[in-house]
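Below is one structure, written out as structure tokens; comments come after it.
So that you can tell them apart, the chains are marked A, B, C and D in the order they are listed, and the count of residues begins at 1 in each.
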Amino acid sequence: MSHNTFGHLFRVTTFGESHGPAIGCVIDGCPPMIPLDAAEIQAELDRRKPGQSRFTTQRREPDEVKILSGVFADERTGRQVTTGTPIALLIENVDQRSKDYSEIKDRYRPGHADFTYDVKYGIRDYRGGGRSSARETAARVAAGAVARKILPGVTIRGALVQMGPHPINRSRWDWDEVQRNPFFSPDAEAAAFYEDYLDRLRKEGSSVGAVIEIVAEGVPPGLGAPIYGKLDAELAAALMSINAVKGVEIGDGFAAAALRGEENADEMRPGNAGMPTFLSNHAGGVLGGISTGQPLVCRFAVKPTSSILTPRASVTRFGEEVDVSTRGRHDPCVGIRAVPVGEAMVACVLADQYLRHRAQVGQSVPWPFGELSPAQS
Amino acid sequence: MSHNTFGHLFRVTTFGESHGPAIGCVIDGCPPMIPLDAAEIQAELDRRKPGQSRFTTQRREPDEVKILSGVFADERTGRQVTTGTPIALLIENVDQRSKDYSEIKDRYRPGHADFTYDVKYGIRDYRGGGRSSARETAARVAAGAVARKILPGVTIRGALVQMGPHPINRSRWDWDEVQRNPFFSPDAEAAAFYEDYLDRLRKEGSSVGAVIEIVAEGVPPGLGAPIYGKLDAELAAALMSINAVKGVEIGDGFAAAALRGEENADEMRPGNAGMPTFLSNHAGGVLGGISTGQPLVCRFAVKPTSSILTPRASVTRFGEEVDVSTRGRHDPCVGIRAVPVGEAMVACVLADQYLRHRAQVGQSVPWPFGELSPAQS
Amino acid sequence: MSHNTFGHLFRVTTFGESHGPAIGCVIDGCPPMIPLDAAEIQAELDRRKPGQSRFTTQRREPDEVKILSGVFADERTGRQVTTGTPIALLIENVDQRSKDYSEIKDRYRPGHADFTYDVKYGIRDYRGGGRSSARETAARVAAGAVARKILPGVTIRGALVQMGPHPINRSRWDWDEVQRNPFFSPDAEAAAFYEDYLDRLRKEGSSVGAVIEIVAEGVPPGLGAPIYGKLDAELAAALMSINAVKGVEIGDGFAAAALRGEENADEMRPGNAGMPTFLSNHAGGVLGGISTGQPLVCRFAVKPTSSILTPRASVTRFGEEVDVSTRGRHDPCVGIRAVPVGEAMVACVLADQYLRHRAQVGQSVPWPFGELSPAQS
Amino acid sequence: MSHNTFGHLFRVTTFGESHGPAIGCVIDGCPPMIPLDAAEIQAELDRRKPGQSRFTTQRREPDEVKILSGVFADERTGRQVTTGTPIALLIENVDQRSKDYSEIKDRYRPGHADFTYDVKYGIRDYRGGGRSSARETAARVAAGAVARKILPGVTIRGALVQMGPHPINRSRWDWDEVQRNPFFSPDAEAAAFYEDYLDRLRKEGSSVGAVIEIVAEGVPPGLGAPIYGKLDAELAAALMSINAVKGVEIGDGFAAAALRGEENADEMRPGNAGMPTFLSNHAGGVLGGISTGQPLVCRFAVKPTSSILTPRASVTRFGEEVDVSTRGRHDPCVGIRAVPVGEAMVACVLADQYLRHRAQVGQSVPWPFGELSPAQS
């Protein structure tokens, strides 16, 4: 069962509400002897942190992470390493502005989870969205930072490839550019356009959706657990579980439906070390639920932020008519900050599948993926 | 862990290879006292069965299901009912033509799982695709037939909404039409077009992809288990786990990314029994991972069948160059028979989430979904 | 998978080391709308707290619990209630005396987990036993306090029934007496004897084992999930997972092996509301893995504390001979403080099985156990 | 969740009722490339098979096992090997005497699960005990035969060490003797005594309990997953889940409670390859939930068979008084056939823990347990 736990062998259990004392997670199943300190996790958190540009929420959260357990100094190397016991990570909530919630506590904001939490649980922590707040994704990013450490040789990067109806131009794709603009856009020209575009939307109190692409390179062939723990199925769940996501694609995704078999088949030619070289990657690095060794390519669609200034028709929890608009701090395009979250989810899925492969297949099948060892990580 | 098990409380474990003695599944966690006989399961299997038109594979499998356990005659009603113990379902493989596999056993068919199974496990049952064959989905359909029985008042229907690059015309949508053509198309005109289109492709030995839409009506609000067991996340995993699926959408899906917040928000007005009436359904019936009570709408993209006549470049498992083409029985559009499979997966997810809701919330929150009882089902 | 998670639907994940910053747990799956405040959890923790008499370790830990998430004020009643989201509980470690660990860090104390943690993980937090310290059981007791809240009408009590080779006299059993002596003994005379006995052992720097009995009254018939989630099987795992436990019994336990069928069968006579009345309880309240409605009776054996003054032969982690003795704070009979821990584990198992029953059977079978509702709890 | 599934990574799901068409299991997670044929499984099943002496039930079941999936011929060696996909095993029920069940169907036999299944599920397959029949354990033994194959170098043997109140004499322990008498007694003199003793009980229509001991040699140090997946906790659940078991012990078990710390601590001296040599084994091969490398020793108590000729007071399912006695085929000491079942459960736990260890720790910590490889197994 997995209400608030993600993963099977690399298990992440998150907790916490937006305006409670703290959020955090417990990571269970992490291998021992992996160098890990808080600064590495903090570096990933800082990429997701709010308030870094005028295009994200102005909530001021330092998102400072503390490691409460599961690490110890290895006196042989002087480094802090994992011990194989659960790693608890804590992020205190700091910017919980005390404010008047009377407007929000009884009203169901359209597009939000207000109504569904209330109808399911009979109560909800309405302050800042409570458990359904995107703030929970900070815990995912922290866990993802740990997951990356057990994937030697794998590079997981994400980029925003569409904002509203405006896609980037893929011929201008530059991974370095992703670090240089506040949108994680790999296309500098698109980034310049998004700046004006989002400023305009922000001033109107409106919002817009986005499409994010995550690419994992260096994934060895053989990861994935058919039939129901397929690599692509778990990626789909992982990405769809991110707040506001409405669609997921692997490789060509929906475009594959329009292709003929001849177009879609990724041809192969003999490659290195007995492994085939693929001549294309329509499959996005997955066949039969198992990685092929090609780059893993997945995309997800984020709906526009539901918090907008324009009043929308709604009801109160007493069944009365009401119009709702949202003032105050919010992300005009919540898809932007979803980029590091998407990376983190892919990292968690790959770490989990790596441990699953190691459990079932181990060394009994020669495998072109060096075993994780302290020296490597 | 879930290599071959799907679901948490309504758990389905499938087994079997395409050309082994049998395929089947064990359903664990099914509530007791639900009337169930083999004929009900058979009716669903017959919808997926191969060889029913010239547009699907000509393999002749009766797909006759036997119930091996978990049911017993209720002497009070004379009906056979579930007992709460595991329900084992067996489907023997009948049409395993003995043939020469020398062409296939050492060659990696592009787009197939041949290479990935071999690289992962060091061996594969190459006859008819073995475990990675779409034949495994018969077990899913059988399980889905049982899942439907524990969802009183819920109607789950699927339709093919695009074949190759050709979508249906949604203004002509007619659920009754879905039963009348061999494509599960809700648009009679599109069905007529598909007939010619697919005949042409079939004669060329080619293949094409498809998009399938599943709609579940009567789903009560409150189903779903945030954060990682969200209803939409589990649907995404369920649908992506079907053979050849490359994309999944909930509600507006990828189109939502292009919308502004004002367009995407589903407004509400007071409805019956204190429940809101939604004025639109961009969300596809899910907010915050929990059902809203609106129809649940999801879509998935199926890639073109990888078995085609046109030779494609590939390698053998010894690393030698080879060209591969596939003769013999195959589905030119494997998406067609994916319709009942998609319905079954949605049914399994909903049954599981229903039991999860019953576990955590039970009667402690008044809920507009009558408790399952023998009388109702 | 469950390295550090206990339970299926009422899931408790614990974390933390004895001398790290904090220990704690995350409870996932708790039903919503259950009144819960920290004071209720604290009351249980105080029963297990060290340093309350001269017969337990003199470590001074206030064991103050904080609720980090999962509760919210119900404005209808003014009470704080659960919200259905994960409940994170934190207990900071306060009395981590900074001391010289050079004696312990390289030596394997006989009977301790020093060697096995080292051989498994390659590293261990040696301060106070780290993760293998009995300190972890504080998190279990906290979780058990929450579990009790979802079991209306069930009373779970424990007692020490044997210390070293000295059993209590069952004819003097008095539940009230359990609260009055520092040993949780239900027999006042035995308690008086234990006082002298343990003082003597303590002064010799020795230790002794114990047998604990837990009785749960008010458990309705029907709880348990055959075949592998049987109520007694889960109790056995729960109790055996407590530090230093070497044996578990249900009902007559090992004594049942010596009985004849006529003696062991618990006869029945018609009782109230169509339920049978049992004339004896050799079964300890479980038949076929399902509760009978009789009191649930289980016992567990705790080995003597391994920390003793008498030097014992051992090795260092470099393979050198060494003699080890343990100075400083320790429990001469660790079984004493295991009483509230055993109660907590039984509460967690029952809460989990209750939710499992509610999931699979719900209201479809009339059941003599009132549904949990806010009013009841 | 685990109603009918046992294990986490080596997962066994059993199904079937005593008098239904078949019983069986699905094993998921078995590593690939392990030589396996039906004869090996059959050999284990034959040890548990009823009707082999006058001391077990006279039901005549050939218990012939069929492998339905998960194996394939490895053309390199000509041997049938596992493929990494689920292994389904089927055992058809043959000796289902058609008989009159009117005596049993409405009466609750004392000590049986009749009442508890009925009160929980509202219905039960009463023929031969249905799902609660010891017949289910045949599926466990079959799964155990597969589990043994992935534990190179580990020897798992069981013996009956007490029948009724009569223990064996441990000084006469001879593992070879276990094969030579129908009681699995390691003490030839005790076996001779049991023959007369059980003949007398059988003629009286009575029954008696037993204690079984399982010893696993060659278990490497490091197996076990603290805190809640401890090796001893999982063994306790595994053994307690066997029909009629009421107690479980590891190492000294309940006797440990009577010891002082000095007596109980297993001292160590430097051994081979840097591993310590233990000077005693009170711990039964487990410290802190992790194996020490010493022999794993566990015991379980089996209550007397509940089916006896002497009438016992009971009720019908309509609440009427009735006296019940059981005629016909039954085991006078069901503990005898529990010996191979206990071995199988220990094998399954060890296989599961081995895969868990391989997942979390892999090669990152040097481990004195050769990796499983096709050559070894």
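Throughout what follows, a residue touches a chain if its C-beta (ideal position, glycine included) is under 8 Å from a C-beta of that chain, and two chains touch if they have at least 3 such contacts.
Treat the numbers as computed from the prediction; the structure is a model and nothing was measured.
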item: Required steps from chain A to chain C (each step between touching chains, minimum); value: 1
item: Copy-to-copy rotation for chain B and chain C - C-alpha atoms, rounded to a multiple of 5°; value: 180
item: Chain whose mean Cα position lies farthest from chain A; value: D
item: Winner on C-beta contact pairs when C-D is weighed against A-D; value: C-D
item: Rounded Å distance between chain A and chain D, as computed from the means of their C-alpha atoms; value: 44
item: For chain B paired with chain D, centre-to-centre distance based on mean C-alpha positions, whole Å; value: 38
item: Chain centre separation in whole Å, for chain D relative to chain C (CA means); value: 26
item: Touching two or more other chains - residue numbers and ranges from chain A; value: 1, 3-5, 8-9, 14, 29, 32-33, 84-85, 120-122, 131, 226, 356, 360-361, 364-365, 374
item: Chain C to chain B touching residues, read off their complex; value: 1, 9, 29-34, 84-85, 226, 355-356, 358-365, 371-374
item: Chain D partner contacts - residues on chain C that touch it in the complex; value: 1-6, 8-9, 14, 108, 110-113, 115-117, 119-122, 131-132, 136, 162, 164-165, 201, 206-211, 221-230, 232-241, 243, 245-254, 256-270, 274-276, 279, 282-284, 286-293, 301-308, 310, 312-315, 319-321, 335, 356-357, 360-361, 364-367
item: Interface residues, chain D side, partner chain B - complex; value: 1, 3-5, 8-9, 11, 13-17, 20-24, 26, 28-29, 32-33, 66, 68-70, 72, 74, 81, 83-88, 90, 120-125, 130-131
